[in-house]
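One structure follows; several queries about it will come next.
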Amino acid sequence: MELLRRLCQLHAPSGNEVQMKEFLLRYVQDHQHSWKVQPQIIYGEGFQDCLLLVFGKPRTVIFAHMDSIGFMVRYGKQLVKIGGPQTETGYTLVGEDSQGKIECTLREDEEDGSLTYDFHREIDRGTELVFQCDFRETEETIQSCYLDNRLGVWSALQVAQTLENGVVAFGGWEEVGGGSVRYLAKYIHEQYGITQALVSDITWVTEGVRAGEGVAISLRDSLIPRRSFVRKIIRLAQEANIPHQIEVENAGGSDGKELQHSDIPWDWCFIGAPEDHVHSPNELVHKKDIEAMVDIYKLLMHKL
Amino acid sequence: MELLRRLCQLHAPSGNEVQMKEFLLRYVQDHQHSWKVQPQIIYGEGFQDCLLLVFGKPRTVIFAHMDSIGFMVRYGKQLVKIGGPQTETGYTLVGEDSQGKIECTLREDEEDGSLTYDFHREIDRGTELVFQCDFRETEETIQSCYLDNRLGVWSALQVAQTLENGVVAFGGWEEVGGGSVRYLAKYIHEQYGITQALVSDITWVTEGVRAGEGVAISLRDSLIPRRSFVRKIIRLAQEANIPHQIEVENAGGSDGKELQHSDIPWDWCFIGAPEDHVHSPNELVHKKDIEAMVDIYKLLMHKL
Amino acid sequence: MELLRRLCQLHAPSGNEVQMKEFLLRYVQDHQHSWKVQPQIIYGEGFQDCLLLVFGKPRTVIFAHMDSIGFMVRYGKQLVKIGGPQTETGYTLVGEDSQGKIECTLREDEEDGSLTYDFHREIDRGTELVFQCDFRETEETIQSCYLDNRLGVWSALQVAQTLENGVVAFGGWEEVGGGSVRYLAKYIHEQYGITQALVSDITWVTEGVRAGEGVAISLRDSLIPRRSFVRKIIRLAQEANIPHQIEVENAGGSDGKELQHSDIPWDWCFIGAPEDHVHSPNELVHKKDIEAMVDIYKLLMHKL
């Protein structure tokens, strides 16, 4: 889990995914020689800070978002949210501005909910702050900030090792409503003619989706993907005896939203391990669910 | 109205429009020989569960959504909504799961508004339930669930009988915010170069749009289509003496939203009969308004 | 400021931008002979009521929306909003219907907030009303309705005088969530291969962005553009000593939203003078900020 630990420590709030992109690029360049198939690596002009890995003759694409939630310094000591982080007085936030490294403390006003930081000096306006990473591993669980979605990225990298045909797309801006999947999806569709997509992301432990009971396959969140596609995925998971749980929610969203609302007839499905303490520094995922997540992606990229 | 009755009984909640598509496909194949022009029928790969009928040299497209609102089984006895159905304890819901046909009763908690079903057994997680159809016809009115939008579909089929030039596009996902009009519109625009669209759907009886006083032509809902296009439509309706009412709302949406936000310069207009008891099992439409709806579509597909 | 005064008086609520388009078209045709470069003027079929000016070999596009907020007559004496105007009993609204010119008074119900008009007769359903223009100029400030965004349009016209390479795009529907930038952006990207965009619009005076202290460069509103692009813009402004203020908000939106959610990898940034009394008949902007706005656009169109 050393790779996952390093991913969780990278600074890449929405809109500033460049450190994740560069890390992943180096990682792929360093490790692809041991992979079953060496992918075409696509990045740079026309792709902003995104990264695509294209293996063989793809039929399906995995989307895994690189960006994280966080905070941005507004005026004076004020903070505004990047995406929807949990806020609790005392959380340690880290970042960097023109005067150097920052390690400060989040403070939430009890009355009006306004957010500020405690620090010995004023921080530059517009500076991004993210949760300080405290990576904790037990025999059964992983706990850290940003398992959402460094774990989705990590899982995609495990799948990449043996992937023969498929695309792995690392995008940004997911936590703030999107901005890259639409053009990545267009490129992928136009180049390879494919319309099948899997969203490799982390979901919530709820009364119906429990830690340790398998990877979640989402029949719906605020959006509803085509039922026949999701039913096919569930059938494949059943036949392969991969531990899984069917998720049915009426809120939340993912990169699937950009696919659903695009001008390409995507069949898509959200598949990911559930986590507890969502969007906090203490996101907690069960290792069995991580294992099932990698297994189902390997299966689906082969079978779909 | 036997055709409309059958349409209202089909199971096709958003994301699972396949039964509507198959019914319409058979209907068109069986009846087109008696139509003025035999359309090109487009469906299958690249079109998910949608269906296009292309007549002659099209200048304008009619969009009619096939999907309906409904419910989906969450965890235990819980239900979540598909779209925005009215909820009232006692409504009969129907569906099917791995154990067979289901006819159960909706229950809404008086305190927290949570939704559950009453049934002698637990229903499979993720099962879709829709209103049981009780189709009622009087001399003046039609009443049933799902007149929104089986009536919009039915109207388009009436127009198809004498249509010489135009496209009729049956799409899905309208009740949950869209997902097919964007790619259908792209295909239609790229193939036929057209930018005029009419949204064949059902609207609300309000203090300004009354049952029996004509088809509604919408100047706006939450979105505002190009004024010059809607004014032209109103002028044509006036000249032809087709009973119509101008609708001005600041809420609601339709397939027009996907057109408005697309990267094609669509001129679009929502035109449809108004209904009472919206999104309930008792949607009520006046026959005179249905007649005016068919008439105005015939006119516009000829004149625009 | 005579040009700005005339722009502020034009009737062009969202969806009905035709008067602005025609005014701008005539203005450009009349004045381009004195400009450094004569642009290609693109409008008409396929562009609805929008207008593009293409100078030389463009690398960057300026988007300036032509539409304004306003009101539309609903049923009886009711009004609904077009976009988000400030509402205060006593505001004078103007428009025209089948019976002639209208000058009426806005009335907001103190209890339920509902909007009506006071006028000696009933106004045609669907009639658009806008704020009556009271243009006020002092040595330091300009005050009028619709500085948002006639000032953004005006600024783009100043920049056009010396522009050598670039696109100026006048669009519509911004105040109601968009509808033209998506297709304009597609055309511009496909024709000229560019992915850099500046949003020429007016923002809010806040505790962190003050009147007279420079043009605002927005690091974010409800959306977050790519950080590296905005940082580059800020650096250029610093090097050129153009008075500017960095804006960090967590609400609001602009034409940038349509770019961010498109299927083209746009780098975009909102840059505009801040105003007080937003969306009222009394929008107030400091002349120094207007000057800085024109200066930064000239700089960026040259340097980016």
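Every chain is named by a letter (A, B and C) in the order it is written, and numbering of its residues begins at 1.
Keep in mind that, in the parts below, a contact is a pair of C-beta atoms (placed from the backbone, for glycine too) under 8 Å apart; a residue touches a chain by one contact, two chains touch by 3 or more.
Which chain is which protein? Per UniProt: A, B, C = M20/M25/M40 family metallo-hydrolase.
Keep in mind it's a predicted model, so treat the numbers as computed, not measured.
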Task = Pick same or different for copies chain A and chain C, depending on whether their interface residues overlap by over half.
result = different
Query = What rotation angle superposes the Cα atoms of chain B onto chain C, in degrees to the nearest 5?
reply = 120
Ask   = When the C-alpha atoms of chain A and chain C are each averaged to a single point, how far apart are the two points in Å?
value = 36
Query = Among the residues of chain B, which ones contact at least 2 other chains?
reply = 262-263
Footprint of chain C on chain B - complex, ascending = 195, 206-208, 219-220, 223-228, 246, 248-250, 260-265, 267
Contact set on chain B toward chain A in their complex = 14-16, 18, 46-49, 72-76, 80-82, 125-126, 128, 173, 176-180, 182-183, 185-186, 258, 262-263
